[in-house]
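Order as written gives the chain letters A, B, C, D, E and F; numbering starts at 1 within each chain.
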Amino acid sequence: MILEEMTMGEFESGLKITRTVLLPFGSVEEHGYHLPLSTDTIQAYEVAKSAAKIIPLFVAPPIHYGCCRSTSCHPGTISITTQTLQNLLKDIVRSLYSHGLINFVILTGHAGGTHKMALIDAGEALVAELLEIKLAVLTEYDLAYTEGKDIIETIGDAHAGEIETSRILYLYPDLVKGTGQREFPTFPTGIIVRNKRNFWANGVWGDPTKATPEKGRRINELVVRKLIEFIEAFNRYSEE
Amino acid sequence: MILEEMTMGEFESGLKITRTVLLPFGSVEEHGYHLPLSTDTIQAYEVAKSAAKIIPLFVAPPIHYGCCRSTSCHPGTISITTQTLQNLLKDIVRSLYSHGLINFVILTGHAGGTHKMALIDAGEALVAELLEIKLAVLTEYDLAYTEGKDIIETIGDAHAGEIETSRILYLYPDLVKGTGQREFPTFPTGIIVRNKRNFWANGVWGDPTKATPEKGRRINELVVRKLIEFIEAFNRYSEE
Amino acid sequence: MILEEMTMGEFESGLKITRTVLLPFGSVEEHGYHLPLSTDTIQAYEVAKSAAKIIPLFVAPPIHYGCCRSTSCHPGTISITTQTLQNLLKDIVRSLYSHGLINFVILTGHAGGTHKMALIDAGEALVAELLEIKLAVLTEYDLAYTEGKDIIETIGDAHAGEIETSRILYLYPDLVKGTGQREFPTFPTGIIVRNKRNFWANGVWGDPTKATPEKGRRINELVVRKLIEFIEAFNRYSEE
Amino acid sequence: MILEEMTMGEFESGLKITRTVLLPFGSVEEHGYHLPLSTDTIQAYEVAKSAAKIIPLFVAPPIHYGCCRSTSCHPGTISITTQTLQNLLKDIVRSLYSHGLINFVILTGHAGGTHKMALIDAGEALVAELLEIKLAVLTEYDLAYTEGKDIIETIGDAHAGEIETSRILYLYPDLVKGTGQREFPTFPTGIIVRNKRNFWANGVWGDPTKATPEKGRRINELVVRKLIEFIEAFNRYSEE
Amino acid sequence: MILEEMTMGEFESGLKITRTVLLPFGSVEEHGYHLPLSTDTIQAYEVAKSAAKIIPLFVAPPIHYGCCRSTSCHPGTISITTQTLQNLLKDIVRSLYSHGLINFVILTGHAGGTHKMALIDAGEALVAELLEIKLAVLTEYDLAYTEGKDIIETIGDAHAGEIETSRILYLYPDLVKGTGQREFPTFPTGIIVRNKRNFWANGVWGDPTKATPEKGRRINELVVRKLIEFIEAFNRYSEE
Amino acid sequence: MILEEMTMGEFESGLKITRTVLLPFGSVEEHGYHLPLSTDTIQAYEVAKSAAKIIPLFVAPPIHYGCCRSTSCHPGTISITTQTLQNLLKDIVRSLYSHGLINFVILTGHAGGTHKMALIDAGEALVAELLEIKLAVLTEYDLAYTEGKDIIETIGDAHAGEIETSRILYLYPDLVKGTGQREFPTFPTGIIVRNKRNFWANGVWGDPTKATPEKGRRINELVVRKLIEFIEAFNRYSEE
């Protein structure tokens, strides 16, 4: 039940099957010289669509724009404010709630700290405002990192590294340009630096040279399985 | 130069060729019982991508969420506030401007009045704030309506009618479910009605039964041509 | 029942007769070299006061300040943001609602696109917030244009042209300075231009040389009659 | 130079004579059972217009809506938030500044504490933002109170009392209904009471029975004279 | 019951004794060359703590930051916007209300006009929002001024003068550096001046040379007594 | 150079020695049944004051109120919104910057995720706005955790556990009531729960029974030393 593709009537029918909707949040963000700017969006939206083939689940169109603090100076990154991101999430949830949806799974492909916290913070406000809803915020990358720990060789692999490169190699091999370079940047602790790029030349955090499509396939499968497990538990979950 | 698919390096190279970016705005909005919720987004993004194959042009990922006043009560429509929409546009433009883009073409597939005016209003604020930029706001539907006037039979065709149905039939025939029904709703003049659906049962404004894929193909072609003409003139345009 | 002139006691008594209030929105905006800056406000407030002599109706003091996009660079125009305009409308409605008014007629003499849409957008929010109210947004100029179509000779007459000049000639002849000049400006389609005045030298859109006080008198009469009809229907209107 | 009545051309000419504009702020507020709701607006706007007959001075249309804390529960009072009032002032000043005005005299006929402080607070922000402007905030009532101290008999006369009744008797005798009643309300110190009307039955603070049109005439004259003196000094004033 | 020092359990127990909390607002503001920047905070917090030793009363940690208009240019003053101050107050009250507190005493040590009005304005909004609460706004300085009128010699003593110097001499003698100088600044009436310090060299308004610790002790005692009386009456107060 | 205690003159003199100021952020937050609500504030402010005895450093008064997501339902916790927290930080920094301070160290004793991210997010905005400043955000708890790793026995000790209890035992033994209880709460992953207390009975995360004053003393010493090192490096730090 992919909202982009459904008609009004199909939406109405879907409401009889489930009241759960997944909102995929991504970003337009540099992912090195080898991965596409939409890497985060692709991962979140693809696993969401895969899950929706297996369990009843509405999947909203991806929110392509996120808060990208550390990469905001790298070419191609588009960063919106936390305030705008939060209002966007709130407006979408309120609107879907008015149509009868009550279980909201925020799945973010972008894992930046301020981005994640902004979503959680807005989630808290929504839960306080709409007394009948349940809401969860999941970071897709964290699922991949945890589920894929036996597959991945690179320690501390994070951004455009072994995990993400493997996954895009599997999902959209044509969008991978070359192999990327191993990089582990160092930022001065605590200090808010003006030009992040000075400290992070190539925009990679991890080792993309270890990536293979097969690793990507396996991680993807594990993440989809985990996501489905989560949603099934979430649907049953009750605080009372 | 589709931002979703480009790497950081490709973005950097692209800047040497053009400083113009197109932002496609769509909506998640009912389009009758026969067209998908993303009808507006599809049209704007598809013509943008077609144009970008022919002239140098960055195309940003679609903004899937818009302000849908008249259809907000119909199942499946997601409506965000004008305030959120404006802030989203502003954040995106500011961020792209920081990377060197200076010509902004806002192409909105959704043609609702408050939605369009919100974009224009934010556009004015951006032009006042960023003294080096040029900015235009185009309604994709208006281009289709004007360019397609000799192709379309229905008078006053507007929403999910002959034009839009023809175009989705051409672009994504699988997403069209049945033929839709002719409908011309009447709202009480001036009054802000609470439940719009009471006045607009099936969410169509026009006559989808007149639609054919061939009409869609021809309109699409005309819109792409017109868009390219516009962008070329816009690139040359100078107020001085 | 003109609020400006009423005492607290008269207000209380008036509430026993009607729960309907008209809010006249105008602007401080250039209207060529021949009409006063308050042309929009005059028209809206005058017809409102005329109507209130005939039917029970509260008329609030005029809101003199509006959003003037296209004329913001012309001398004398004062333009406020859509955000401020919306908050002003919301505050006024909430305050009057606390005193027992429930039917709100927003009559705007200024017909700019962003201005009108801002009022409609705020109207929607108010209707969603205050469950007992009815609210309508009318553009005074649209009434004049429609009602006066058999009186007016100029095709596409819009701003400070035959219609508005005739009406001010009738209402406040002393405030008309000379006859004005026929002008039909052309703006580049889609582009947000920085200095609107470059494209619109004299601030007229239409043909003021065709204006006469008699035309103004007749249009005024028709608009007042139409407004009264509207309000009577609005008072009876119920969505259920 | 009353903006309401001026054309674009007259505005342009006026700029060659002065760069000073007066913004009259009023309120729609109960003034007992005998004075009109627009009492504050009338006083501020009338003295402003009188001054503008004598010295070069732009006078903007009145801002009819203010923040009325203590009378917000009395019938007929319309109270807007301090935030809206501040944004309205800021927008108007910025817009006039864009046309070349640099000296701003805020003259408020309404003298409520939060209302005045909101104007002063916004004035500070404007002075910090626009480095070339001068800005003053004057309370019309304070001028009347100080200038009229030898004319007025009532000690502690404040709202709808001897001073205001005398002035409306002089300016718009038809709008005075009866004589009003002496009243000196007592509010519990410090406590924000919910229903102010419980503590202030008739909405008068002072003694309207002492009012005469002649007192009103004399006070008005003194206030106009004082205002002119102020503006002349303000025009010469320089912080350097 | 000083919140800073209480545990979660003590807070819970305290709720069984009282539902009244005092919020002490101060400032970081120059108080001449002889008094500490936290003079306002000290006074408000100290009397609050003294009162809480005698009657059941929660005392929240001091809000050290306020709106300082007239002293914002003097070294050491930290001034926040009225908007921030109001949101801070609202957030704190809403949070405490969620735990069962319903009587709120705002005691402000800083007596600046915009600061006080901002607190009152926010207090009104809170009272309108939370239907079960009572809320009062007291200016600590006004209590001291009124209660201490027979103790203090200086007429018009206001800021860092006889009263405040006496009190800090009594409370924290080590924080008083020298004796300060008598000063009565004059600001141009009405005009918002850019650099306040030009008109107020030493930041004193009154006569600190008349200060003694004994005067401070007596004023403090009177203020504490008055505050206790107020809170006891406030606890009993009911609008019905 | 503790701002609370300094006079205007001392502030001026201090500016000749350093341009660095530390802003201590705390919280009013439950810390189990044994620690005071101000535990976070105490720790941040105490180490700041200790550091300021050794190196030139302005220390602002503590901001007692923070964003407490996970403990917002526990008695005594006061939680403000991230928006308010950010505006407070921005206002304070702008005001201090106007007096000549250019190096800002945000030291937060409260280590909640949304709280920290809100500070960092606002820090980014400030760095973008004020081109001459340097700004750092440090979490006091992270310093204690890292520096104290060889002193502390409890694995995963976090909130009101061995570290915090030891430190308050050392700094303010009188404020510790009993010993607290070992607790490691479990929240359902991803889900935003309504009543956090249901999942976290006693508000402790770690093992306070292992705490001793001596451990507290040693950790404090290490944190002060680390903080001083940081500030000295920060003062020298230049991005160029």
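Throughout what follows, a contact is a pair of C-beta atoms (placed from the backbone, for glycine too) under 8 Å apart; a residue touches a chain by one contact, two chains touch by 3 or more.
Please read these numbers as outputs of a predicted model, since none were measured by experiment.
Residue numbering shows that chain B and chain C use the same positions for more than half of their mutual interface. Taking each chain's centre as the mean of its C-alpha atoms, the one that lies farthest from the centre of chain F is C.
Across A-F and E-F, the chain pair carrying more C-beta contacts is E-F. By residue number, over half of the contacts seen at A-B repeat in one listed pair from E-F, B-C or A-F, namely E-F. Separating the CA-averaged centres of chain A and chain D is a span of 56 Å. One finds 48 Å separating the Cα centroids of chain C and chain E.
Remark: chain D and chain E have CA centroids separated by 31 Å (rounded to whole angstrom). Residue positions 83 of chain E are each in touch with at least two other chains. Taken pairwise by the contact criterion, the protein chains form one closed cycle in which every chain touches exactly two others. Annotation: chains form a contact ring; the order from chain A, going to chain F first, is A, F, E, D, C, B. If you check the complex, the residues on chain B that touch chain A are 3-12, 15, 28, 30-38, 41, 60-65, 72-81, 83-84, 87-88, 91-92, 95-96, 98-99, 175, 177, 203. Interface of chain C with chain B (complex): residues 67, 69, 82-83, 113-114, 116-118, 120-121, 123-124, 127, 134-138, 188-195, 198, 230, 234, 237, 239.
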